[in-house]
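Labels run A, B and C following the written order; every chain starts at residue 1.
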Amino acid sequence: MSQMSLTTVQCQQSGAEKRLGLILLALLVVLLFCAPSLVNPGILFVIGLTLVQAVFALSWNLLFGFTGLASFGHAGFFAIGAYFTGAALRYDFHLPFLLVLVIAGLGGALVAWAIGVVALKRLTGIFLAVLTVALTEAMAKIIGFSPALGEQDGLGNIPRPVIDLGLFDLDLTHGDAYYRFLVVATVLIVAALWWVVHSRLGRTFRAIREDADRARFIGIDVARYRVISFMISGGTAALAGALSAPLTRIVTLDQVNWLASTQPILNSLLGGFTSFWGPIVGSVAFSTINYWTRSFPGLSEIMVGGILVVVILVAPTGILGLIGKLRRNFGRKGGRT
Amino acid sequence: MTSQAIFVLFNGMASGMAFFLVAAGLTWVFGILKILNLAHGAFFMLGAYISYSVGGASPASIWTFLGVALVAAAAVGVLGYLTDVLVLRRLRNVDYHYALIATFGLMLFCEGVAKAIWGTDYFAVMPPPQVDRAIVVGGAYISLYTLFVIGAGLALFAALEVIMQSTWAGKIMRAVSNDPWMAGTVGINVPLVLMLSVVASFVLAGLAGGLLVPNQALSPHVGASFVLYAFMAVVIGGLGSIRGTFLACILLGIVESANATFLSQYGGIAIYVLLALALVWKPNGLFPAQGAT
Amino acid sequence: MTGSALLSATDLRVSYGAFEVIKGVSLSVNKGGALAIIGPNGAGKSTLFKALTGEIGCRSGEVNLLGKNVTGLPAHLRTAEGMGRTFQVSRVFLELTALENVIVALESRQRCKKLGQGRWWRASPEPVLVEEAAYLLSQLGIAHLRHEIAATISHGDRKRLELALALALEPLILMLDEPTAGMAPADRMHIVDLILSIRKEKGVAVIMTEHDMDVIFSISERVMVLNYGEVIAEGTVAEVRSSQTVRDVYLGQGHVSC
């Protein structure tokens, strides 16, 4: 299934390259943090959405690129986080915002566990595909029944939170302030996922992706670890949703439809699913494309669906995969065998 | 109470047969190509939209209605052929995840095209005059159109069973489905059979679209909803088994209809419960495929 | 049969649907022993093998490892109990390097034998495990390939890597499915030497299915001949070699070197 592994990319990087990468990354984070002073509120909003989509895409790719399972209804988890957080803030559940985030993440993980336990013991990924799509549709219907969740119109007027940190309050009601919080939260989540992928847990996932039977015969409980991966993925997707609610200040059924579920798939494949950073690259790439195109009904679906099909047919390893191939070709031209 | 039960029964059968009209093509393609084509729903939807555009909101007679449906089926067949050549053919030998994702993207793409061409409003098409009447069965009002749909579904099932079990075409398809390499060595033109099967399933999807247009509110999302029902039926019934799909569709239809009648404020939820129960209790479906997978 | 036996199977019956493929087979292997299962194609060797490893279920019968009934246990738990397995076409984790392959196996061993997760929070593998992995690779003669992606190494070396994976779990018994399948005669003898040295140094018992008689006669102590799901002969290599029943069954096979 995959043509290039994370480790291939890593092994080819020397120590100096790694340090350079780290410095660039740090610069990027600093830039992002200073963005409110650099760009107008409209672009800032787009950057914020891109950050959310990047986390969402990373959660999807943990499951696909690193554990070999394809989820086609990831928007369901996103919606769990978004709607719960939206309701918690709008109806003032009197919970600290950070706790709301934690509960949202755990909620996503719990639902993932329930689905995983049923779907992941079976042999084919088709069961998982059907179940995850069914989850999204069922969720959309349930939300459609609830006046409290805004039914078809969506849950609006979500206030941004004020975080009580004991000694002082972190007032996030202003757009810029919440944006900065989002940057910090994103960096933390990305770091946590990076750790997962590089830890022994990540190695176990990759072994399962490579050859599940072989993994069983070195003692790995494949079903159990697939469920664990699904739980982390679902929980992170719910976190992405939770973080998006105060950003957009409204949550609608548009977050629970087929298009919303396809977005992380596209972002991951466009950027390159064999690399940890692929989904982030893809999210940025797609946001940029999206920003420069005018909108008419159906355009989003046409673009997302169309680009996804083209990527699969033409360049399944995405942008980073192509870059990796080019680097290897140039390496060969440099005289190495 | 019984008149409600009869209503649910007939309505449920009609829903089930509507699901079957879509699911049959899906399960057939899976049996032969081993790809689960998510875009199947898109072609169903396009068939519905095309027959709406060609035939208008009020078909003059049942014959114009059927004629328009056939036109839609043909048009979708052509589109399906193009899709096969451009997209599906390249997915035959790759990991099935790629095929699932690509057809998922294709489904979305077609939904976008439908939105762009026809907009996001819901359309309603009236059933043709000959079937736009109701008869009374056991105290319940059953529309003739409902009976028409049930008839169409049963006819399709019968036709498929006869074709697959008794004709030489069916034997060839079963041979290709069981062992394509072996079928090739005995002289069967496997690529041709595959191509014909794919086009046939799309024609079926388009026909289903044309026939079922009066059944619902037409919107770009209709394809996605129906394909999900079709999937659920295929999964519950057993991958690749037409009989399993048929039974599962009936089950789903009746559950859905009962849900809409008795628990109307929570309509559309019961089938998901059914899906969950079925997967826990009979994970390989009602008619699991022997051996393979 | 049980008692001092390391692995024993009692009256195994396996069916595919209504068709009984294995009709009451019993076997036992002692600590450090070596059993070869042979038979013509279709005799049920791979089915029996899979029943022993836990990949398929038995309709009836028992499999015991060190006296413990493992009949219902799934593959990963049998591995934890001490059963290692290699595949006919060697299966390794293709996109990982050879070193990473073994590290994954070692980390799994830590988990299975409840040796503690160590510093599980690390983002790179424990140096102790890295060293052990490198040592294991060198024991199998492929230390020079440690940073190569498994997909790029040769067929023969992949077999060695797979053996390294199986050995990483410190198994009591190795289940080898046609260990020399598809190899040139010279390579075949290398693998034979490897297996012999593993048996000697680690005291591991071996059950294998094989077609090549030379390999069987070099490695095994006992041979079991299967035909149509039943045991038609069993005994030492010499006994089976001189058995008329076996000769009748193999008539026409061609690669029996007597």
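Quick note on the criterion: a residue touches a chain if its C-beta (ideal position, glycine included) is under 8 Å from a C-beta of that chain, and two chains touch if they have at least 3 such contacts.
Given the structure is predicted, the values throughout are model-derived calculations rather than measurements.
Participant: Using C-alpha centres only, name the chain that sits farthest from chain A.
Facilitator: So the farthest one, by centre of C-alpha atoms, is C.
Participant: Find the two chains joined by the most C-beta pairs in contact, please.
Facilitator: Looking across every pairing, the one with the most contacts is A-B.
Participant: Nearest whole angstrom, what separates the Cα centre of chain B from the Cα centre of chain C?
Facilitator: 48
Participant: Roughly how far is chain A from chain B, centre to centre by C-alpha average, rounded to an integer in Å?
Facilitator: Each chain reduced to its C-alpha mean, chain A and chain B end up 33 Å apart.
Participant: Cα centroid separation between chain A and chain C, in whole Å?
Facilitator: Here chain A and chain C have centroids separated by 41 Å.
Participant: So in the complex, the part of chain C that touches chain A is made up of which residues?
Facilitator: These residues of chain C touch chain A: 53, 55, 74-77, 79-80, 84-85, 87, 91-97, 100, 103-105, 107-109, 111-112, 117, 120-125, 147, 149, 165-166, 168-169.
Participant: Which chain A residues qualify as touching chain B in the complex?
Facilitator: Within the complex, chain A touches chain B at residues 1, 64, 68, 70, 72, 118-119, 121-127, 129-131, 133-134, 137-138, 141-142, 145, 257-259, 262, 265-266, 269, 296-309, 312-313, 316.
Participant: Which stretch or stretches of chain B touch chain A in the complex?
Facilitator: Touch list, chain B to chain A: 36, 87, 90-91, 95-98, 100-102, 104-117, 119-120, 220-221, 224-225, 228, 231-232, 234-235, 239, 265-269, 272, 275-276, 279-280, 283-284, 293.
Participant: Under the stated contact criterion, what part of chain A meets chain C in this complex?
Facilitator: The touching residues are 2, 4-5, 7-8, 11, 194-195, 198-201, 203-204, 206-207, 210-211, 213-222.
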